[in-house]
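You will see two complexes here that share chain A, one where it goes with chain B and one where it goes with chain C.
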Partner chain A sequence: MFKNSVKNTLLTIVLSLLVGALLMLVFSYNPIYAYNELIKGAFSNAFNFGGTLEKFVPLLLTALAFAVSAKVSIANVGVEGELYLGAIAAAWAGVAFKGLPPFIHILISFFIAMMVGGLWAAIPGALRAYWRVNEVCTTILLNYVAKYFTAYAVNYPLSAHMGVPRTPDIASSATLLRILPPSRANIGLFISLAVYLFVWFMIQRTTLGYKIRSVGANVEYSRSIGINSKRIMISGMILSGAIGGLAGAIEVMGIYGYFLDNFSTGIAFDGMLVSLIAINDFRLIPILALFLAVLKQGSLGMERFTGIPKALIDIITALFILLAALQLLQSLRSSKLLHKFSKKKELA
Partner chain B sequence: MNLFFSNISMIFNINLIHSTIRSSTPVLFAALASVLTQQADILNVGIEGIMLTSSFVAVIISYFTGSWVLALIAAMFTGLIFAVIIAISHLNFKADVFAIGMAINMIALALTRFLLQKILKTSGSFYDKAIVPLPRFNIAFFSNNATLKSLFSGYSLFEILGIPLVFYVSFMIYKTVWGLRLRCVGQNAMAAATAGINVYNKKFEMILWSGILAGIAGAHLSLGYSQMFTENMTNGRGFMGVAAMFFGGANPLWTWIGCLIFGFTDAIASNLQSFGLPPQFMLMIPYLMTVIVLAAAMARYVKIEKYSKSALVSSAKSSKEA
Partner chain C sequence: MNENKLVLMQGIYKSFENVHAVIDANFDLNQGEIHSVVGENGAGKSTLMKILYGIHKPDMGTIFVKNKMYHSLTPADAIKLNIGMVHQEFMLAKGVTVLENIILGNEPHKGQKINYSEAQRKISYYIDNYGLDIPLDKMTKDISIGEAQRTEIIKALYRGAQILILDEPTSVLTPQESEQLFKILEAMCKDGKSIVFISHKLNEVMQISNRITAMRQGKTLATVKTQDISIPELAKLMVGREVFLNIASSDHSSRSEVVLSVENIFVPGEKELSKIRNVSFAVYKGEILGVAGVDGNGQSELAEAIAGLRPVEKGKIVLNGVSIEKLPTLSRRKLGFAYIPEDRNSQGLNAGMTIKENLIGNVFYKPDFAKLGVLRENNIKLLAQKLVDRFDIRPPIIKANVSSLSGGNAQKVVIAREMNEDASLLLACQPTRGVDIGAIESIRKSILDAKRNGCSVLLISSDLEEILSLSDRILVMYEGKITGILDISEANEENLGLLMMGAPHV
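== the complex of A and B ==
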């Protein structure tokens, strides 16, 4: 099963890169040169590699957030909103508390960001659990509410009055340590990996995790064995939202040092797509998140040196997702032609 | 007191009707598109992306050919192409329709940005006097009375066509054999197949119709509602259409009412801005209102269901909940 999904993913990666190469040829660019620059742009030196890691962290966390909600059979498309709210909460906590020791300050900021994200996600969770309000709709619409709310906060009460809509710099005790100096990669990388392992362990090995998986697999069965499925659905959403909030907090405390209006250009949507490709298989999430981070970071260098617009890489990414969703390998296997072929083999 | 009334009339006035219809129409077409697929039990979230791409195509064609008819046809054709992609990947390759829809939205965003740079050599937005908009109907008879003029004049083509379309779609779904088969496929595909309905063809057909309607929604957005193209100009209108569809329980008439509620809040919110309300709140209100209205409608459905349950069937029905 796992082997198949890895194969499927690899096939999709190769296919989408080929389609991307074709697109480049159509617009008369040299694809080999372009991909070479892409790889260089993602790995060649500490700055570029740091950039890849920097993009990997929010992708991993937001993908994880979506996967957790999918485990209770809710599609949480609202991670973007939770990311924004977590980010603004962390930016507020980074300024509001002063004179705390660094470790405590960071923990408090994380806690507040996760609380805010979790509570925000609890709203669509509760609406879904009690009134069957479609969560795809509510979460997408609440994204806009969250985004406009942060835009208001950063323009009025929390504004740094600097011309650009941003908050004041957070206290140094709340900033995360950088690990690859010229780049902005920070210890958020280890935090996110730790959170990933913890959540994976929790889902697979604890009672709450069992309940979550059970509700996701079969609500009726869960009810019969005495699980309060509504409450578990909401807990799953709170967990998902908290992870989203944490992703926002790491962006603010590790990368920017302040909250900038509109800073995330759909990070959480990319994360969600990572999770959709992995079909919520926790093992595939980091691999795919890294692949997408490489594409995103590499496309910057590629744009600079070859003149190929970044938007083309976005198209390739989207194609990759489209192809991945098709489950090509499985479809090919089950298609009639191959079926006949394999049957003949068996007979012989 | 006088001040109070003058303030109230700044928010609530006769122009509100016009602006309600104006801002609800793009959402209405998206909502009807999602009604059609939802009746066949497919949640089409790709409408947002189809709308965005076809609004771009409409602007391009209108700019280069100077014909709104060609632009409209091109937009519908774009919607059709995307619909074919969705239909084939969902029905032939068994892909999760939600994943496909989201991928389509992403492709649309990247593709329009890329083509904006490649073809028009700009980024952000594109406006030019050479863009020919959809026709707008001014009735000379009403033009000397401000109230009548605001009420009945100056509507764009699809702002007028949208209203009969709601009734037409409703008629098609509930009063024709075509609609009966459609609802049958949506409610129980296996039963439909047993009755001799080709489920695959029906679903395919509905996705195609949905694509065409989303294409019209896009053309209206860029050539009727405005006269330009901006990156991500749909800004969630496709999703609002889906929300309106859920509000109306996939019934075109109720869906239309949902769209009007959205348009009304949008119109009021823009009037409120003159009172010094931060613009971000004005932008936020329609989305927030959509969520609240949707939640209230669903709460009502659930409540009605609870009351209408008899003791005997309650155990069977309650298992379908949650």
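== the complex of A and C ==
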């Protein structure tokens, strides 16, 4: 089953790249050259590869955040807001707790960012669990609240008064170690992978995970065996929001070193796409997050050296999503066809 | 050959996914007869008839209707050939009147408008001639199950049905309503209509049909004239071995120790407040208290109130000396409460999880199965394997998803889970609904085993035969009230049926 889905995903990746190549041919670019530049742009040196990893981390975490909420059958479209709030919280903590030892300072900043993200996500979670308010509406709307709140904070109370709306630099004790200079890739990579493994384990192998999966799959059943489904829904959302907040904190503490207004142009939405294409399957999330990160990073180099607009990569990304969706339909249909075929053989 | 047959189905095959639902089935129908198709759940009765009605396309085989050959039909073809079907689940639009439901898709017109008086005239023919009594102007959501069924029958007749297929029509009716239905069917036969009656209740089949076709595991075993066969012979034919459904319930409890006492409770229903009004009763240690009643008379609400899934407006529920009416479900379970929910698919099982995960639903947090919040896989596997073996759940693959199980085996998962912990009270709601005879037998045995081990059982079932064969005492509910509590020695189908219709205890 899983082998198949990996195979299908790889096939989809190849197919979307092929269609992209066709498009390049139509616009009379050389696709082999272009893809070569794309790969180079994503992997060729420490800077490029670091750039890929840099983009991979928030994609992985936000995809994970969405997948966790999906496990309690809530679509948390608000990860972007949680990411912003986590980021500003980390930027604040990075300045406010100056003087703490590095390790402790990082932990405290993470903790605050995750708490802020988690509590923020608890709002739509509670609205959904207790009053059946559609979470897609509330999370989308709360995204605006969160984003504009950070815009206010970064312009007034937390402003560094520097011309651009940003906070002061965080203390070096709160900065995450860079791993691939000159790129901005940092130990956030290992943190995010650890979080990913931990969450996966938690969902599959713990009592809380059992409750989360149970509520997500069947609320009525969960109630009848004595699970407080409302509380579990909110817990799932808090967990999801905390992961989103952590993603924001890593952006601030590892990449920028401060909070910059509007720094994320929909990172969490890309993450959501990753999760959706993976059909919230934890095993596929890192593969797809990496693929998207490679495309994003590689397209910069491709544009620089071949003149192919970056927009073409966006087209390939869109194609990829489309193909992934199509392939879902296809696998449904082919399984039916296969049945008919095997049945006829048996009867004959 | 077979010139006079109205319907003739030969060598029909049909499979779904990996299941061979119908294998080389043969069936025929004469003009003006009632032909019953009997078999366990999953024997292929409904599938075979759905092929005749065109819902399923057969993989192989031929169908003759009025001596014309077809390889497959569509429902539209079937209606044109004057075939009608009343499904197990009624297919009525809830927001419109009964009359509108009947004419839906076949409205008589007067210019651009629907000609309601014409429709009414046509329908009243069936109402008058067959005794199909229905309230034409009522909203469909407000009518009773019996009325809904009669509406479905009229709907089929209105579309010109000469051949009527009824899929398990009596499973939702009281004995009295069933009698009424049989009279209707006989009247229709006299009028030249032909009826296919799908059932697994053998006494009914013996009572009304001219011929009987028995099915097992997708095959049609035999078609016999009713007078040539007896109920035990038929049961043996269906199951393939002797069955003992009426397991004698022995040693009446002393009725000294109260395990559950329900005191003057009021419980809200889905739509109205106080669906259950002022109900009181007690369940004693080691007894089975059966709760009989037509579906929808408050049994489900009562069960959910005891389970903690529905709030109690007023009154007390005491389990083992503790007031539980305000406690969450988990606390009630910890006090020794086990619950087999009425709806297996939504409440009893989690279709998104494996057999193993469903089996640990009530114990996964206990120290044996979780340490510091981490599940202890090995112990869980051992437990699941033990339960699968003990309750003979097939296939015995604990990693398999429960949605791949048949109804009977799925229900066994629920039973296994709820009986694993030594509960002091087992609330069993419709424990054998929609499961095959083999599973019914084993589920009933399990319930009696629980009783023998000192567990008290509150058995809610709309299957009177089940209530009568298992209970020590029987409580009858009608419109949210108790109309009587009978000892098993004084209870029979007639007096229970009367109480189920709301008649005061005589």
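In the analysis below, the second predicted complex is superposed on the first by the 328 of 348 C-alpha atoms of A that agree within 3 Å, B and C clash if a C-alpha of one lies under 4 Å from a C-alpha of the other, contacts with A are read in each partner's own complex, and residues count from 1 in each chain.
FYI, contacts are C-beta pairs under 8 Å (C-beta built on N, C-alpha and C of every residue); 3 or more make two chains touch, one makes a residue touch a chain.
Remember, it's a predicted structure, so these values are computed and weren't measured experimentally.
In the superposed pair of complexes, A:Ile227 makes contact with chain C only, with no contact to chain B.
More residues of chain A are touched by B (comparison of chain B with chain C).
In the superposition on chain A, contact of A:Arg205 is made with chain C only, not with chain B. In the superposed pair of complexes, A:Ser214 makes contact with chain C only, with no contact to chain B.
Look at A:Ala129: by the touch rule set out above, it reaches chain B but stays clear of chain C.
Chain A uses residues 220, 223 to touch chain B in one structure and chain C in the other. Per the touch definition, chain A reaches chain C in the complex via residues 205-210, 213-214, 216-218, 220-228, 339, 343-344, 347.
Residue ranges of chain B in contact with chain A, taken from their complex: 43, 45, 85, 89, 92-96, 98-100, 102-104, 106-107, 109-111, 113-114, 117-118, 235-236, 239-240, 242-243, 246, 278, 280-281, 283-284, 287-288, 290-291, 294-295, 298-299, 301-302, 319, 321-322. Chain contact summary for the complex, chain C toward chain A: residues 13, 15, 17, 59-60, 307-309, 328-333, 339, 341, 343, 346-353, 357, 360-362, 364-365, 370, 373-375, 377. In the complex of the two chains, the chain A residues touching chain B come out as 27, 75, 77, 127, 129-134, 136-138, 140-142, 144-145, 148-149, 151-152, 155-156, 219-220, 223, 229-230, 233, 266, 269, 272-273, 276-277, 309, 311-312, 314-315, 317-319, 321-322, 325-328, 331.
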